[in-house]
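Chain IDs A, B, C and D follow the sequence of writing; residue 1 opens each chain.
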Amino acid sequence: PEKLAAFQARIDAGEKIEPKDWMPQGYRKTLIRQIGQHAHSEIVGTLPEGNWVTRAPTLERKAILLAKVQDEAGHGLYLYCAAETLGVSRDEMTEMLLDGRMKYSSIFNYPSLNWADIGAIGWLVDGAAIMNQVPLQRTSYGPYSRAMIRICKEESFHQRQGYDAIRACAEGTPAQKKMAQDALNRFWYPSLMMFGPPDGDSVHSEQSMAWKIKINTNDELRQKFVDQTVPQAEFLGLTVPDENLKWNEERGHYDFSQPDWSEFFDVIKGNGPCNVDRLADRNKAWDDGAWVREGMLAHARKKAAAKVAAE
Amino acid sequence: PEKLAAFQARIDAGEKIEPKDWMPQGYRKTLIRQIGQHAHSEIVGTLPEGNWVTRAPTLERKAILLAKVQDEAGHGLYLYCAAETLGVSRDEMTEMLLDGRMKYSSIFNYPSLNWADIGAIGWLVDGAAIMNQVPLQRTSYGPYSRAMIRICKEESFHQRQGYDAIRACAEGTPAQKKMAQDALNRFWYPSLMMFGPPDGDSVHSEQSMAWKIKINTNDELRQKFVDQTVPQAEFLGLTVPDENLKWNEERGHYDFSQPDWSEFFDVIKGNGPCNVDRLADRNKAWDDGAWVREGMLAHARKKAAAKVAAE
Amino acid sequence: MTRNEALFEFLQRMGDNTLILGHRISEWCGMAPVLEEDIALSNTALDFIGQTQFWLGYAGEVEGEGRDADRLAFHRDAWDFRNVLLVEMPNGDFGQTIMRQFLFDAWHSIYIARLIKSSDARVAEIAEKASKEIAYHLERSADTVVALGDGTEESHARMQKALDYLYPYVGEMFLSDEVDAEMIAAGIAPDPSTLRDEYDALVQKVMDEATLSIPGNRFAQKGGKTGTMHTEHLGHLLCSMQWLQRAYPDGNW
Amino acid sequence: MTRNEALFEFLQRMGDNTLILGHRISEWCGMAPVLEEDIALSNTALDFIGQTQFWLGYAGEVEGEGRDADRLAFHRDAWDFRNVLLVEMPNGDFGQTIMRQFLFDAWHSIYIARLIKSSDARVAEIAEKASKEIAYHLERSADTVVALGDGTEESHARMQKALDYLYPYVGEMFLSDEVDAEMIAAGIAPDPSTLRDEYDALVQKVMDEATLSIPGNRFAQKGGKTGTMHTEHLGHLLCSMQWLQRAYPDGNW
């Protein structure tokens, strides 16, 4: 309890906690869950994008998307490394992802169905992710905070590219414009869900905020996202699929409809449109790759042994 | 030797040999090889067509192609049954195909690269096959002869449909016409090869002709094929890729260039453009299907056992 | 939505189901586990393509904008397809293919029986023609599901896996929407939601024989029939299916 | 064939090799055996797409008919592609992918080194830029081939199988034709047939380290570089790669 108070005091003073410092089990567990989930999201998130890498409409867009996917795999690496400082290996976390013990962001359980979805994912999904992540640059755990600083810089780049891609559609032929609107229709509410359930229903929140693992409330961030995104949609000439969306002069914010939270919980339970296929893809990649990992390991051992023998 | 003479006398008299009749080992062996190879060709021949079933340009063409593929699998069945009357099972023959001990027609080691190829296969490949097969309706072995009668009827239907498909291309847009010409360019010489090497170089021929397993010589059939096909190509407005092609008034036949026989022997040796992929596809189908065949067999046994128990 | 618009939607639903499933089956060409199945699969695909020509041909007439069956089949993008998600699911192994077939055939046979009595003469006529083929499909797919479910340990496990994977796509076939409401009102087609009991009884009977367990979770994936959200699989299917028409839009084939 | 026509052919050959191989690698997206390989594969694909933009961009200028790199990439049918067959072969397992990569990288690095000294300034400039990337690709693919060849029994067997499968596609990279003759005469590009010894030495060295045996059969499959006969695989690749451009030819992306 004394230790706990000292720990909390450090956090309150804005100090960073480092891997070798003492920390409460709950803090460690919560961080592992959160960082792991974030890492998994980077990896699983490449699947809906990979779905269009092979169908990108120009060489330039294809290159941009490949670079993005490469960045995301890189983010996955940083985050797994950050989580490893808490005493859990990348392989362990991968196994937990593959057998369903650990989650990834539910947004990636929605399909990417037309090219404009790739734009929408950059604009809305990365946009919402950044909104979640920017405050986390100030999170209390040092390695996590440093990873977030690196990641946020690249993410905002991705968001601009995504916006540019959907803008090209929105300004294009009627069919392209239809793609852009269709993408917005399908991704709007799932993006709002990315901030988590309304504050009243959110578990884990209070303690996480005290520990500065979480900085803002879900509803705060959601409002901020809506306020930022609506004018962008208007600029594109697209219609946000919400009849109740209206600027509230008094609040200085947009009023908007809540997403269908029963759908959110369905997706979390595994009933999203792509849950099964996403996990099956990751499992297949992992299983098919077993011989490669084993082969590389065996070779590395042979080389190390040969080196020792030569010394 | 007495038996052999009596056997030959029956053949010379135009009698049919039936499964339970005595026959020389060589006759049996040659027939198994020939019928088996023919059966395998029907099966492997569906692969270049299957390659375009999923990309057929109209519902009608797709339906026609599906019906053709279905017929060919049916021909495979008749022929395997005919071969089984000679004491070799379908599974044995399949194994021999899969491990390379038995062959299939080399023509199917060429790829189908554009839609007009499907027309060309019907027109030229089925055309050449019919030319080979029509005389075989009079072959000495009863079950084979009867199978050929059934098959020839359907094949000539396929040939007309193939001609119609390539005609649509030849009469279509410039791009379509280019497809048709490209298909003819690639399939002309391989089709000429379907009659086998020049008579001088052909093994097995003399004995097979005495036994009426083979009715005409390779060169006779090849000439007949050229004479029939050239006017059809002219009608389509396509150019046969042979600078030496010319009507020879004196002979009453077309003069034409021989195919590159070294290519023919390369393909037979396994170096054709598709040999490896075709056999790999058949092996994959067979291996992937093992559990299905076993499951069906197990169920059939259970049902039979239950029936016995109930009696 | 006018009655005509609803009829156009309804006909696309019928035609897209057979088009997409027919296409999926045709992907097996030359790759089936045994020759008899090669023949059966191409025969089924052929039946479906034929039914597609009727349904989409009529759809084009009803729409009245000069699109024929081929135009509808080869020049719509994924969002304009109205097939249920079940039929666009990938072939997987032969077990998944035949399970998908059975789950669809069972619905198809029940639904088509009602359409034979449609107030729309054309619909009734197409249904009448198709119903014999469909009855045969059902007999065949049910027999195969039973044989493989009640075959070896491996075949049983594969069939159970296929059923578990595909069952979430069953519910969509029984969802009713405003298109259905229009069709019901006009006496053209039945209310899909009223057919579920009959379907469940049929599926239960076959699964019992096949010694397979129907999953308890009745959650239904949806969005295909309405076109609001297909799976990622459909787009890839269209890449092949529509390739030639897209690359050579002026062709006469 | 005029010099300009030959140059156009030559540039398509260069650009189509990188376009098609880049595309093949990009099919791995999200599916690699380990995260580091995911990163490496997308990086390689990215390099190739970048090189494609240079080669095909220049090709379009040389042709002078207003086609840019995108137009060439997305609006030619299979017969107009000039890549060697090797790069259009399917990914297969990771071993096949990395073996294909090495067999190509080895040729690419030797060939590009000559192009740096090209009499055509643009060619020399593109080659110069690409050569660093290519050297890195070669280092990486060679290392991986060695690690997996000399890894476990299974990885060894898979790598040998990949080598046996792909080796017939090596010879085409060293065939010379009239396009090459024009390029040699103009000092633009080397005679591919003169590079085989250097290639063989490099491949032999790596295969020795990888404990893999180079097949004795030197039969060379050909037809890609000249466009006369690609494999059936290319058409399917184009179905995906060109889908969007074909379906929406008026789009601005």
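What we mean here is this: a contact is a pair of C-beta atoms (placed from the backbone, for glycine too) under 8 Å apart; a residue touches a chain by one contact, two chains touch by 3 or more.
Chain-to-protein mapping (UniProt): C, D = 1,2-phenylacetyl-CoA epoxidase, subunit C.
Owing to the predicted nature of the structure, the values given are computational and were not obtained by experimental measurement.
Least step count on the touch graph, subunit A to subunit B: 2.
The chain with its Cα centre farthest from the Cα centre of subunit C is D. One simple way to say how far apart two chains are is to compare their mean CA positions; for subunit A and subunit D this gives 35 Å. Spacing of subunit C relative to subunit D, judged by their CA centroids, is 42 angstrom. Shared contact sites, meaning residues of subunit D that touch two or more other chains, fall at 77, 239-240, 243.
For subunit A, the set of residues touching two or more other chains reads 55, 175. Viewed as a contact network, the protein chains fit none of the simple shapes, being neither a path, a ring, a star nor fully connected. Screening every pair of chains for touch gives A-C, A-D, B-C, B-D, C-D. The touching residues of subunit C, counted against subunit D in their complex, run 77, 236, 238-240, 242-243, 246-247.
Across the complex, subunit C is touched by residues 48, 51, 55, 111-114, 175, 182, 186, 266, 271, 273-274, 276-277 of subunit A. For subunit C in complex with subunit B, the touching residues are 19, 23, 26-27, 29-39, 42-43, 45-46, 49-50, 52-53, 56, 69-70, 73-74, 93-95, 144, 146-148, 150-152, 154-156, 158, 240-241, 243-245, 248, 250-253. Touching subunit D in their complex are the following residues of subunit A: 43, 46-47, 49-50, 53-63, 66-67, 69-70, 73-74, 76-77, 80, 90, 115, 165, 168-169, 171-173, 175-176, 281, 284-286, 288-300, 302. Across the complex, subunit B is touched by residues 77-79, 165, 168, 217, 219, 221, 223, 228-232, 235, 239 of subunit D.
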